[in-house]
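What follows is chain A paired twice: with chain B in the first complex and chain C in the second.
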Partner chain A sequence: MSMAAEERSVRAPWALTAPALILFVGVLLIPLAMTVMLSFHDWGQYKGIEPVFILKNWHEIATDPYYAEMFWRTFRIAILTTLLTALLGAPEAYILNRMSGRWKSFFLLVILGPLLISVVARTLGWALLFGGNNGLVNKLLMSLGAIRSPIPFMFTETGMVVALAHVMMPFMVLSVWAALQRLDPQIENAAMSLGAGPVTIIRRIIMPQIMPGVLSGAIIVFSLSASAFATPAIIGGRRLKVAATLAYDEFLNTLNWPLGAAVATLLLVALVLIVVGSNALIERRYAEVFR
Partner chain B sequence: MAYLELVRVAKQFGAQTVVDDFSLSVGKGEFISFLGPSGCGKTTTLQMIAGFLDPSRGAIRLEGKDLTAIHPAKRGLGIVFQSYALFPHMTAAENVAFGLDMRNVPRGERAERVRSALAMVGLAGFEDRHPRRMSGGQQQRVALARALVIKPSVLLLDEPLSNLDAKLREEMQIELRQIQRTIGTTTILVTHDQNEAMSLSDRIVVMSQGKIEQIGTPQETYEKPASAFVSQFLGKTNDFAGTIDRTVSPAQLVAGSWSAPAPAGLSGPVTLSIRPERIGFGDAGLDAKIITRIFQGNHWLFQCESECGPAIVIRQNDGKAQPAEGEAVRLTWRPEDMSMRARTGA
Partner chain C sequence: MRRNGPLALIFHTIFVVVMVAPILVVCLVAFTPEGFLSLPTNGFSLRWFRTIANYPEFIHAFWVSLGLGALSSFVALLFAVPAALAIARYRFRGRDALAALFLSPLMIPHVVLGIAFLRFFTSAGLGGSFAALIIAHVIIVFPFALRLTLAAATGMDRTVEMAAVSLGAGGWTLFRRVSLPLILPGVISGWALAFIQSFDDLTMTVFLAAPGTETLPVRMFLYIQDNIDPLVTSVSACVIAVTMTALILLDRFYGLDRVLAGKGDTGR
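Coming up: the complex of A and B.
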């Protein structure tokens, strides 16, 4: 290859990706860098934001147990939501995959349906069913005498996990569904012909093969739940803050942008570390299945 | 005495009958092929033996016991699937060991049986490979070892060689036959490849549209096809329209300008089937003209236009001069080389 051609072949990929790169840098990297820088600025009730470099916000987050509790709550909710979607979503996808043609497409639509409706509308639906004394389900159960006081749902972590799991379920089901599509259609018959019962088939043949799907679904659900805003804002409100709602309040209510930026940055860094780390683990553990 | 017996087995999906009136008795150690085009019901029949489908009617018995009453997991049959259906998350050895594990074979014996099964199919040293890192032929061998290691009462092969290339397929055919001869497992092979069925089987069951067309040794089904379908499906054949004239004495069988003394039995319009390699060029016989002549190494292939329609002739390349394209020839054959059946609608 001549020198000129070699040079061209080096330059071509850069030239071709330039428009996307510029957009990426302009609308993602620069604002992100600015947010990180913002987290090192100072802020006061009367003086506003001062563009200096101090560790005040980071020090506050590191020492005030309020933030530790809030971050712990954020990840606890995300982990529980992930577990719930995996426990319900994986069997759901398996059953769905075994259904015959017409029912399969109908129920797939039912599962994907929530994605077509706004998160706010869906979460308000939960609030209508379980919200205090006036919630539909609570009213019904109380009038039947099944319960004395309304089931606590609003402003509880349980309520947030249930509502988030509902929102996130399609991502888990689709991810497991994709893994199921890769299965050999005769694999269950093969295991059966060798003497395996239904439980053994699911445990030793199906589960190990769809595990990568469950785990990649879990990564999606976990990161979306940890950074979710609308559902925690409606169910948890001001009483039960998570990282996203706290950052929002710091920005828009307290107007302490630097502190909000620090919270947002920490959430982002933690999420990236968790997702990249678990992804690497999964890929190593399931190298043979992915190949 | 029949080892595996199918008695008037039928399978219906809704109003559609996929297998009808299928009766067969298989001797112990026999190698049987179900041969037919796709959709003829051969795989459905195999799946009923395996237990993945329940027959709509009829009985399947193994050593006199009703097989349909036994759950597929308890039947103890070895099955090799067309896609192999290996467990991708397990190594070759783990794949083979799975069936032994299900039977609670002790660890030491299990390891020994896995090792010898893999050695038998020529995969010693591949124990720790995962299926996705093996070639198609190797995966096929693992599937065979996995099916054989449980010492199955019957080995069922569902188009096991169809995903291999031609050369490998031929090698595996020979190997499969040798393994089957050595261990003597009763085997049923489903295939649409007539060469595969002929080179492997003791007997062939030719199927078409859910029905058995003929059961016989490879030679019988090739030389004495019971129906037009069998003669067409098993290799190339020439069908000529002929007539048996019993008004003259002695009675004559006539096809165009070819004639012979009529055999007893049939009368009126008949169809003659003659294999292309049984036709020769002679001084008297059916008038024909050679359209194309193709040299194929060990033989010549002639496509002719005869009085009775198109005809194919295969001649051994024995070094003698062969007629050229465009030449007028006369086709002859011995009456015992043809099969004959009544022609309807003529």
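Coming up: the complex of A and C.
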């Protein structure tokens, strides 16, 4: 390569990425930094936002048990949602993977398609199905004899978990399905020819190999559930607050922006720590699978 | 490979029914002839679709969403295509960091982005404006535009470009006549996926929209907070129809699993 060409190949990638880089620094990194700053500002009912550096908002979040309860509820809902998607999504991905070509692509479209359909519309569907104590879900469960008295779904954590699990399910199925694509189907046949039964095959052959897929799906589902807004707001109503709906209230109803910014910053930091931490754990534990 | 047993098929059937049920129930209730929420048991009626015409705020919000989605996806591609070409072809210092930065809007919760943009645009004097919505949506759809363009640029046959260069093409001509047509399927799919993401976003937009710049999801959300009636189901049914159309086109054109997995190499 000549000198001029070499110089071009050093400069060219920066020239091509410069516009996007400037955009991201100017309109993403600076606003995020401003939000973190905002969480240290003061606020009063009449004086509005005062640009001073105080720890008032952080102190309030740390000491007022209301916030501890709200964050605990947020993460409890996210954990239950993650468990539910893993327990149902992983077997479904496995069943899907064993279907023949045409059925496989059809059902993949049916299961993954909702991912792109408006979250408001999907949650509205659950609100209609739950609909009070004589909603369709309760009627069905009672006629099947699964429950004696109706379960309250609307304005409860149970309803939020069910609706969120539905919203997040495609991510889990997709993640496990991707892991299954790397699996050699002959291993199953080999295990069978050596006399392993179906339970042994699933427990000893399939499970260990799709575990990384389940775990990476779990990280996605957990972080999206913990920061979900539409579903908790519609199913949970105005009283049952999670982190995202509380931040929304502080910003657009109470107008206490610094406190809302502190809640949002804490959510972001907590999620980044959890996601990065569990990613590192998974990669160490399953290093041989990723290699 | 072993076939699915009866137990597996029963599980599969229940699973699919539960996945489809909420979407189906919205579409069914939209056709109710009654004045209240109910499944259409005495025939279908279009009365609630006609009622939408009496609510100009829904119609206006629909056009805002459509314009916002189309425009922000286009602007995102103007930034994403050169960036994707650079990341796909050159090995340079900071390449991985840049790629991580460009994909970061996927990792940051939308509620945090909404707050950050609200704070930023309010201090910039752009609070509640359509321009602010466009810029914010460019950021959130950028990763989708970038990923699909990147997949197309990585899988592209470089020898065609080399042939063009040996015949004297360079710079802009090379890009417009050779490179762009080769990555065009990826670029168009990237636009479509970006459009759907923008069209459906509620969590970030709800912080930025003001009366007049409310998008359809925001309008629907604010309406549902007050009351749930058949009107909002008919609006939802229309939204579902728009997305389904885009979805089926995207599947035929590019393959939905590739779009969603974001991996150019998982061919069908």
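Here, the second predicted complex is superposed on the first by the 255 of 291 C-alpha atoms of A that agree within 3 Å, B and C clash if a C-alpha of one lies under 4 Å from a C-alpha of the other, contacts with A are read in each partner's own complex, and residues count from 1 in each chain.
The rule we apply is simple: a contact is a pair of C-beta atoms (placed from the backbone, for glycine too) under 8 Å apart; a residue touches a chain by one contact, two chains touch by 3 or more.
Just so it is clear, the model here is predicted, and its values are computed rather than measured.
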| item | value |
| --- | --- |
| Chain A residues touched by each partner, larger count belonging to chain B or chain C | C |
| Touching partner for A:Ile30 - first (chain B), second (chain C), both, neither | second |
| Touching partner for A:Thr74 - first (chain B), second (chain C), both, neither | neither |
| First (chain B), second (chain C), both or neither touched by A:Thr85 | neither |
| Which superposed partner A:Pro208 touches (first chain B, second chain C, both, neither) | first |
| Chain B versus chain C as contact partner of A:Ser193, first or second or both or neither | first |
| Which of chain B and chain C A:Ser216 touches, first, second, both or neither | neither |
| On chain A, positions contacted by chain B and by chain C | 185, 189, 192 |
| Touching residues (chain side chain A, partner chain B) in the complex | 184-187, 189-197, 200, 204-205, 208-209, 286, 288-289, 291 |
| Residues of chain C defined as touching chain A within the complex | 1-4, 8-9, 11-12, 15-16, 18-26, 29, 37, 78-80, 82-83, 85-87, 89-90, 92, 95, 98, 101-102, 104-105, 107-112, 115-120, 123, 135-136, 138-139, 142, 196, 199-200, 202-203, 206-207, 217, 220-221, 224-225, 228, 232-233, 236, 239-240, 243-244, 246-247, 251, 256-257, 260-261, 263, 266, 268 |
| Chain B to chain A touching residues, read off their complex | 50, 52, 72-79, 81-89, 98-99, 102-103, 130, 132-133, 146-147, 150 |
| Interfacial residue positions of chain A with respect to chain C in the complex | 9-10, 12-14, 16-17, 19-21, 23-24, 27-28, 30-32, 34-35, 38, 88, 91-92, 95-96, 98-99, 105, 107-129, 131, 136, 163, 166, 169-170, 174, 177-178, 181, 185, 188-189, 192, 198, 223, 226-230, 233-234, 243-244, 247-248, 251-252, 257, 260-261, 264-265, 267-268, 271-272, 275 |
